[in-house]
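In the two assemblies presented below, chain A is common to both, partnered first by chain B and then by chain C.
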Partner chain A sequence: MRGDPLEFITYISEHEEQFLRLLGQHLQVTLLSVAIGIAIALPLAVVVVRVDRLAKPMTTLANVGQTIPSLAILGLMLPILGIGFLPTLFALTIRAILPIFLNAYVGIRGVDRAVVDAARGMGTSNSQLLLLVELPLASPVIFAGIQTATVQNIGIATLAAYIGGGGLGDLILQGLAMLDTSVLLAGAVPVALLAMVTEIILGRLRRVVVPRGLQIDIK
Partner chain B sequence: MTLHGRLLELNWSRRTLLLASGTLGVTLSNVDRVRAQEAKPTVTIGSKDFTEQILINEMVALLLEDAGYPVERKLNLGTSAIVHQALVSGEIDAYVEYTGTGLTAILGLPVESDPQAVYDTVTAAYEEQFGLTWLEPLGFNNTYALAMRQEQADELGIATISDLQAQANNLRFGGTQEFLTRPDGLPGLQETYDLEFAEERGMDPGIMYQALDEEQVDVISAFATDGRIPGLGLVTLEDDLGFFPPYFAAPVVREELLSEDPAIADVLNQLAGAIDDQTMANLNLQVDEGGQEPRDVARAFLDELATGGVGPATPEATPASE
Partner chain C sequence: MIALEHLSKVFTSHGQTVAAVDDVNLEVGEGELHVLIGPSGSGKTTTMRMINRLETPTSGRITIDGRDVRTLDVVELRRSIGYVIQQGGLLPHFTVAENVAMVPRLLGWKRQQRRERAHELLALVGLPPERFADRYPRQLSGGQQQRVGVARALAADPPIVLMDEPFGAVDPITRKQLQRELRRIQGEVKKTIVFVTHDIAEAFLLGDRIVLMSEGRVVQNGPPADLLRRPAAPYVTAFIGEDRGLRALAYTSLSEVAMAVPNAVPVTGAILPGTLSLVEAGRELVAVGPANGDGFWVGDEVGNPSGYVTYRQFATEIAERLAAEGVVGESAEAVMADAVPR
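So, the complex of A and B:
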């Protein structure tokens, strides 16, 4: 309705301070949620792999959890966590845990039994087996889970705008509210770019972290 | 569709038959009546995304249904700009808009304080620019207002928006994303009153009240007719510099539809002047705090209106279907 599509660049440069603040909020909550997600999901996956009877209920729970809409999590947490940063972080962390846990579980489970037996035969302790054999061998799949969680959360973080959590979603909702394309794109384009750039950076990082013999391109 | 066709066919054959038998007058009027009923156009009603909007547009839908019009509801569409766009593009045929919103947010005209002048301006401009007709105002003025918790306002000695100026930098503001960008919202308000809040957060309209109540924010952009203001023990600040324009609610209808069926205007004008500020606030509260369905509240109000039981209603305002 209003505004030339490319005007969003002008909008960003005219509102630089606001834009950088929102971008900062967006990055902060996304990265923190993935970090907490890793801290919870990885150990959890390791435990579930070891304790077989937990496997079925936990993976089912994770799969079902994936289907709860993020907005519903935000709404449900309002009475407990209030508005703004905390409920946003909570919802995003839940969202991060699920893919990271599932990938880590599948990755570790998928390690060739023959390799594990060989390691056992060489007399490795439990922790050595985990750190030297299982995690490195599962790392491509684990890393793919982290990548999925991060890119996905960059998108979901826009929902914070509904509950006073700020972030680039503010611009998207304000643009939508006024049907002002330049404001809407000032929020939407950076979110898309952010997701792409993150994908690339994490792709590079994967090459550093994953052992050379296991380098495969996971798309 | 086929049923329609058959009915028409049936009437036609009856008509020819009766024509032959010579009772022309009676039959024709009969056919006309059936035709007129069948020809009533389907009316699509929209609304914005907050309680009062859903409630009054539900009333509009029910009134039309009572008068025999097929109605399609597309309520809870979103912000003013979105619903307006839907109306202009013909996705919906009518919704209730506020004069001040039409003036500033839609037309981008400067704020004016005389209610009649605002109504006249939007009526003329909507007709010329969009081919849309404003019907008669419903009676209430749902102006924007800044609201605070009563205790905090008393404690800080804030009664007017001017009083806020000295203390705003210690207060957190919460508003709808729409209010944060509208010219008659925060940007204009900050300029008029020279306000700088410690924090400005955008959120969903429903969450805003909860956030204020739970002390997550200190000042919100409320609606004057929102029942939660008394319900939660909130106080609205006086707009002492007269920044906000009047926001009288009135149905806006596509001109095309009105020229096709002018009777629609009469049906909707039954609501003219029927709802004052207090009545609207009470109705809103029944939904927001009472947990009732908007449709039930709307139905009950219309029934009361029909029997002359409420407010300044005119006695002849009965559903046209009877």
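So, the complex of A and C:
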């Protein structure tokens, strides 16, 4: 390895077009996987909360699922989905579902029973109970799950490079192969920054999503 | 009118069946407040929750104005019945006004109409709407939350209100205040109320009738005075407690013992309201201090003197009531010493 550690900035500016394309791929696959993850995990959690006997098997499955390495999911899907964008999206979606599902399940289950009882006693239908009471009250926990999934997937998306899925992982792999620190860092540093910035943006967004009455600092 | 007929509820847990409610029969007349009272596990809450179908009876039936609740749409049934629970059960993400207007919202009222109704009810329960409407439940004290809970139950003007230990989680002073206010509100709105509590004083203060339950069964069902004067079982006496003689005093009002206005006595000194109980009157006399003359005046609803009670007669009334309840010795003397200024 050679050179000044800050040389990666020069590398990025010299390869701006390539860098932006990889960054775009990275963001695209991450956000898409989280969106699909929400679309699958949230309804699933709602159903599992309602159907008691699904709770144990589903949460166990989700917990076990968390322990499977991402790279293993990519490898396992190789014969079925081949290489490129699709298997990457698939693996990241699986990764996103798990924390979103667990948080949503725990969040909805954790809503104060007295509040649910009062709401039912006032005559909320099942869907009103869900939309007016359970989801808003569980929203801080649900949102935390989405936040975790997003930040985590920004990191995992670098693995896409191994199966031709693109993204900033390409630069990392290239850098390793060429023993060129500036190339490696041109991939790694933006990924780390991206994860941090996303965390901050989602933290802000959380204040918009979570109902005012639930926020800690209301006066 | 709410009628419970041969109502039973059996729970099964760990292979054992427990009759939480066992052949309960009850009629709650229009505009009456019935208190279900008993120790934990006596089935009072379960009985109440079967009325708005939060629990399903194992056998028997409940009718409201002759219609079996099982034949009614469960969501509509619940919207037509006010429901108050301990600590209010307020929705923490809704403002106070939004909480109060919850059932109107479910019923599809317009926003403006809901807002007006919420303000009206907040005023009724003693929370000035301009100060409280836009706060969140977390910003209220326990007592204030309970008031919101009561306002919410009344929002859609339901004929029936169910109250499950509504004042159970507040301090004794606030509780007393809330009880008095509920009495005032009930005087205004005249709802048919089923009220669950384990606080005997609360039951006596609020109930038109008291239904004492034990192990899923009704032990006695009658006006408060009946439970004192004619306890149906030793259990009733035991539950009410040894101070039932004092309770009897608490349920005799001054106007019941005052004599017609004697013309000879000039109207001087404080005039005590005729609605005061003998116990309250005694306290009042002690507070006011010795007055001139041999007695005091009792006022009617608007405060005009309508009767007179001599100190001697007052003491006799108290002593007789205590004697009738079999309360002897120290406590009787204590009450008399308290009641009569020296």
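FYI, the second predicted complex is superposed on the first by the 215 of 219 C-alpha atoms of A that agree within 3 Å, B and C clash if a C-alpha of one lies under 4 Å from a C-alpha of the other, contacts with A are read in each partner's own complex, and residues count from 1 in each chain.
Simple rule for what comes next: contacts are C-beta pairs under 8 Å (C-beta built on N, C-alpha and C of every residue); 3 or more make two chains touch, one makes a residue touch a chain.
Just so it is clear, the structure is predicted and the values come from calculations on it, not from any experiment.
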| item | value |
| --- | --- |
| Clash-or-fit label for the pair chain B, chain C on chain A | fit |
| Angle at chain A between chain B and chain C, C-alpha centres, nearest 10 degrees | 150 |
| Chain B versus chain C as contact partner of A:A188, first or second or both or neither | neither |
| Which of chain B and chain C A:L22 touches, first, second, both or neither | neither |
| Touching partner for A:G82 - first (chain B), second (chain C), both, neither | first |
| First (chain B), second (chain C), both or neither touched by A:Y162 | first |
| Touching partner for A:G121 - first (chain B), second (chain C), both, neither | second |
| Which superposed partner A:P136 touches (first chain B, second chain C, both, neither) | second |
| Chain B versus chain C as contact partner of A:L98, first or second or both or neither | neither |
| Touching partner for A:I73 - first (chain B), second (chain C), both, neither | neither |
| First (chain B), second (chain C), both or neither touched by A:P211 | second |
| Distance of closest approach, chain C and chain B, by C-alpha atoms in Å | 50 |
| Common interface residues of chain A - those touching chain B in one complex and chain C in the other | none |
| Touching residues (chain side chain B, partner chain A) in the complex | 78-82, 85, 105, 174, 176-178, 180-182, 201-204, 207, 210-211, 214, 216-217 |
| Chain C residues touching chain A - in the complex, by the definition given at the top | 52, 54, 75-81, 83, 85-95, 102-103, 106, 136-139, 149, 152, 162 |
| Complex contacts: residues of chain A adjacent to chain C | 112, 114-115, 117-125, 128, 132-133, 136-137, 211-214, 218-219 |
| Chain B-facing residues of chain A, complex | 1, 78, 82-84, 161-164, 166, 170, 173-174, 176-180, 183 |
